[in-house]
Amino acid sequence: MLEELKQKVYLANMQLPKYGLVTFTWGNVSEIDRARGLFAIKPSGIAYEELRPEDMVIVDLDGNVVEGKYRPSSDTATHAELYKAFSKIGGVVHTHSPWATSWAQAGRDIPCYGTTHADYIFGAVPCVRNLTKEELKDYEANTGKLIADHFKGKDAEAVPCVLCRNHGPFTWGKDGMDAVHNAVVLEEVAKMASRCEMINPNVSPAPQELQDKHYYRKHGSNAYYGQKTAQ
Amino acid sequence: MLEELKQKVYLANMQLPKYGLVTFTWGNVSEIDRARGLFAIKPSGIAYEELRPEDMVIVDLDGNVVEGKYRPSSDTATHAELYKAFSKIGGVVHTHSPWATSWAQAGRDIPCYGTTHADYIFGAVPCVRNLTKEELKDYEANTGKLIADHFKGKDAEAVPCVLCRNHGPFTWGKDGMDAVHNAVVLEEVAKMASRCEMINPNVSPAPQELQDKHYYRKHGSNAYYGQKTAQ
Amino acid sequence: MLEELKQKVYLANMQLPKYGLVTFTWGNVSEIDRARGLFAIKPSGIAYEELRPEDMVIVDLDGNVVEGKYRPSSDTATHAELYKAFSKIGGVVHTHSPWATSWAQAGRDIPCYGTTHADYIFGAVPCVRNLTKEELKDYEANTGKLIADHFKGKDAEAVPCVLCRNHGPFTWGKDGMDAVHNAVVLEEVAKMASRCEMINPNVSPAPQELQDKHYYRKHGSNAYYGQKTAQ
Amino acid sequence: MLEELKQKVYLANMQLPKYGLVTFTWGNVSEIDRARGLFAIKPSGIAYEELRPEDMVIVDLDGNVVEGKYRPSSDTATHAELYKAFSKIGGVVHTHSPWATSWAQAGRDIPCYGTTHADYIFGAVPCVRNLTKEELKDYEANTGKLIADHFKGKDAEAVPCVLCRNHGPFTWGKDGMDAVHNAVVLEEVAKMASRCEMINPNVSPAPQELQDKHYYRKHGSNAYYGQKTAQ
């Protein structure tokens, strides 16, 4: 069963270069097996061209390596914190994708300017603050805890992404592939929001009723996008 | 005959990823058989890599599925309204292509800054208003009606495209492939208009006589671009 | 011999899509046989994917078709005027390449901000004015005459390119392939000049002595770039 | 042994077009054999598509050609100066990569806005001044000396790149391939810094403690990124 998980995580990782979200090794995908409390994640610093399914590293929720000859991604502790905080998610992605990272560097939330955004993300994409010097001592775990804090009392499935200030994005989803899907969405949304502000510096977010309309076309019991209930 | 229509609509849809106009399933093409009052359209949410000609859905002008095992595009009612309002068009395209969508999000008409634009589009590309809360209840049909209203008394063939505010572009043409052609043109025009304003924030539209010259090089009885009358 | 010319012009035309300078048929390359006073040029409106060497059209300097089953490019008269005005050039290119066209739409000369520009173009890239209503009656020929006027008393080989306001660029060179080379250079230069102004809105052109140094590294009797005198 | 060096330098040069860092021949990579005091470098003006390992030119630290039928890169004297000044580096790269060159043209240091930058470059990327008219007489060597001067008393391995005003970037590393790696990093960093300032014109550099944290995740005895100490 973990071989299957490794295979899935391998395939999800290989989507990152396919969609232009990574340069070199600047990204990683994980997926969790909730029953066992273990997740598979990309090994640290291994080039995508050389990556194989058997290279994935199995880690527990304390970040201990359970299986694998390589060190796991240096961001493993962040993934673990997100799995602990968001009980319904099954996959996590971190990249330095250029547009989302530019917003993270700019230290701004991404406003919802249109339906591309609203179709996937309910409201603005939040940009969380820098860690304090004290928090930096346990950098990766505290990054995850900071994200978890931000979402306390909020619906992390309705906003499946975050920007870490001066760093870059994390996204999540029902499995690794879905988290990658959200990473692609975020990059497109970040690109169009930036261009949109260039075209109209006084632009306002999309009307809330339009955001609602699009989000609920794709989510919830009244969704009618796609083939979910057809056939 | 409808098999031929499905094949044409399939091929036109496959141009969208080829020209970089879609991410995932964010786009759809339809083409109408005017004699039968039926059109073929992409099924909703099916990935382009998996799409086959036989997956196209046949719909009537009230949006009822006449043939096909899949649900049609969620934007089907918009396509139907456009076919009803613009009697001479044969194809409709909707995408979230990044530059056109950025203008739609910015809520601005695209001014005609040059001959690339004037060769295909007579005057500015209009950006129509948001729907009211009341209109949102029948979102897709009212989107089409709003576009039709905008063009009342205007020549929809001379301006084969529109931006829906906070949403994205629709384009049309004499068939599905021609509508895709106009979608590519619109994306190039939107990109260059944005860059042009960045290079010269005080830029004005191209002189009307130059716009006329280029439009009528390609359109009408005195057109002399291409091979139409040669050979 | 004209077969050879057609083949050369065909190959030069095929570089335009390779370098991303054209969408659809928005570009054309010609090359002249000075001894015969004839030039070969792309036919009007034929897609690059379908273009064959034998499709090139042979035209004289008055723009009359001498050989070829197709109509020549609608810009043929502009090419002819440039060949008549600039006696040392052997090839001409017109495109709507996005960055150069954005500058043309903005109606601005491209200042020389660095050595990439100075290596090929001595001083700013000029943007010539719009034609008057009267001049538009013989649009393509007058476009060429306007460019020729601009370069009267100037060295058109040292500045192998021009922007036509609200339209796009023309470039030239010792043959068709060299003119394409300059079209690629112009697009890169236009892109970097635009970004450079975004990064520093108060930027000044490169010092004249640096422009001189780079231009004469590649041009004239003291040039030492490349393998011209080696081997 | 020099055959092996030529092969390595050839492969490193071929990474430049792969990563989109060069147009035509606008770039070159060299690598030094410190024991012999010789380095291999790309020949001047030879197209990448035609380049072969045996075309690499062997040069001594005074810029004299020791072996090779071609002229070495016109930037050879700059490479030589960098090897003389920075005793621990093994490879040097020069390109006109568009984003880094745009910053060089803008005449600005690139501030460290985030961890992508901090992972590889400690502090801002410096932009060195123009050469004086006097210095331009020995242009390439003085370019190298100016860079060396800038780094006097600084750690050139911790900032493996520089922008030459109105010209473009040089990068270096432990060998040619590593210097190319840094050239790719610089281009990404330059792109994101520019976009970041567009998104937030009042942006500040990343907190120093975050820069430190990321730099030392990858460098020095406490580094824990990648597989260096694992397995």
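For reference, chains read A, B, C and D in written order, and residue numbers begin at 1 within each chain.
Criterion: a residue touches a chain if its C-beta (ideal position, glycine included) is under 8 Å from a C-beta of that chain, and two chains touch if they have at least 3 such contacts.
To keep track of the chains, here are their UniProt names: A, B, C, D = L-ribulose-5-phosphate 4-epimerase.
Keep in mind that what you see is a predicted model, and the values were worked out from it rather than measured.
Enquirer: Hey, what chains does chain C share as contacts with chain D?
Expert: Under the touch definition, chain C and chain D have no mutual neighbours whatsoever.
Enquirer: Trace the shortest chain of touching neighbours from chain B to chain D and give its length in steps.
Expert: The distance in steps between these two chains is 2.
Enquirer: Relative to chain A, which chain's C-alpha centre is the most remote?
Expert: The most remote chain is C.
Enquirer: If you fit chain A onto chain C using only Cα atoms, how far does it have to rotate, to the nearest 5°?
Expert: That pair's rotation angle lands at 180 degrees.
Enquirer: How big is the gap, in whole Å, between where the Cα atoms of chain A centre and where those of chain C centre?
Expert: So the centre of chain A lies 46 Å away from the centre of chain C.
Enquirer: Whole-Å distance, chain A centre to chain B centre, using C-alpha means?
Expert: That gives a centre separation of 33 Å.
Enquirer: Indicate the residues of chain B shared as contacts by at least two other chains.
Expert: 197-198
Enquirer: Let me make sure I understand the interfaces: which chain pairs count as touching?
Expert: Touching chain pairs, listed by label, come out as A-B, A-D, B-C, C-D.
Enquirer: Across the complex, what residues on chain B touch chain A?
Expert: Listed in rising order, the residues of chain B that touch chain A are 23-24, 26, 43-46, 69-71, 74, 96, 98-99, 101-108, 130-131, 133, 136, 139, 166-168, 194, 197-198.
Enquirer: For chain A, which residues are in contact with chain B within the complex?
Expert: 113-116, 181, 184-185, 188, 191-193, 195-200, 203, 206-207, 209-210, 213, 217, 224-227, 230-231
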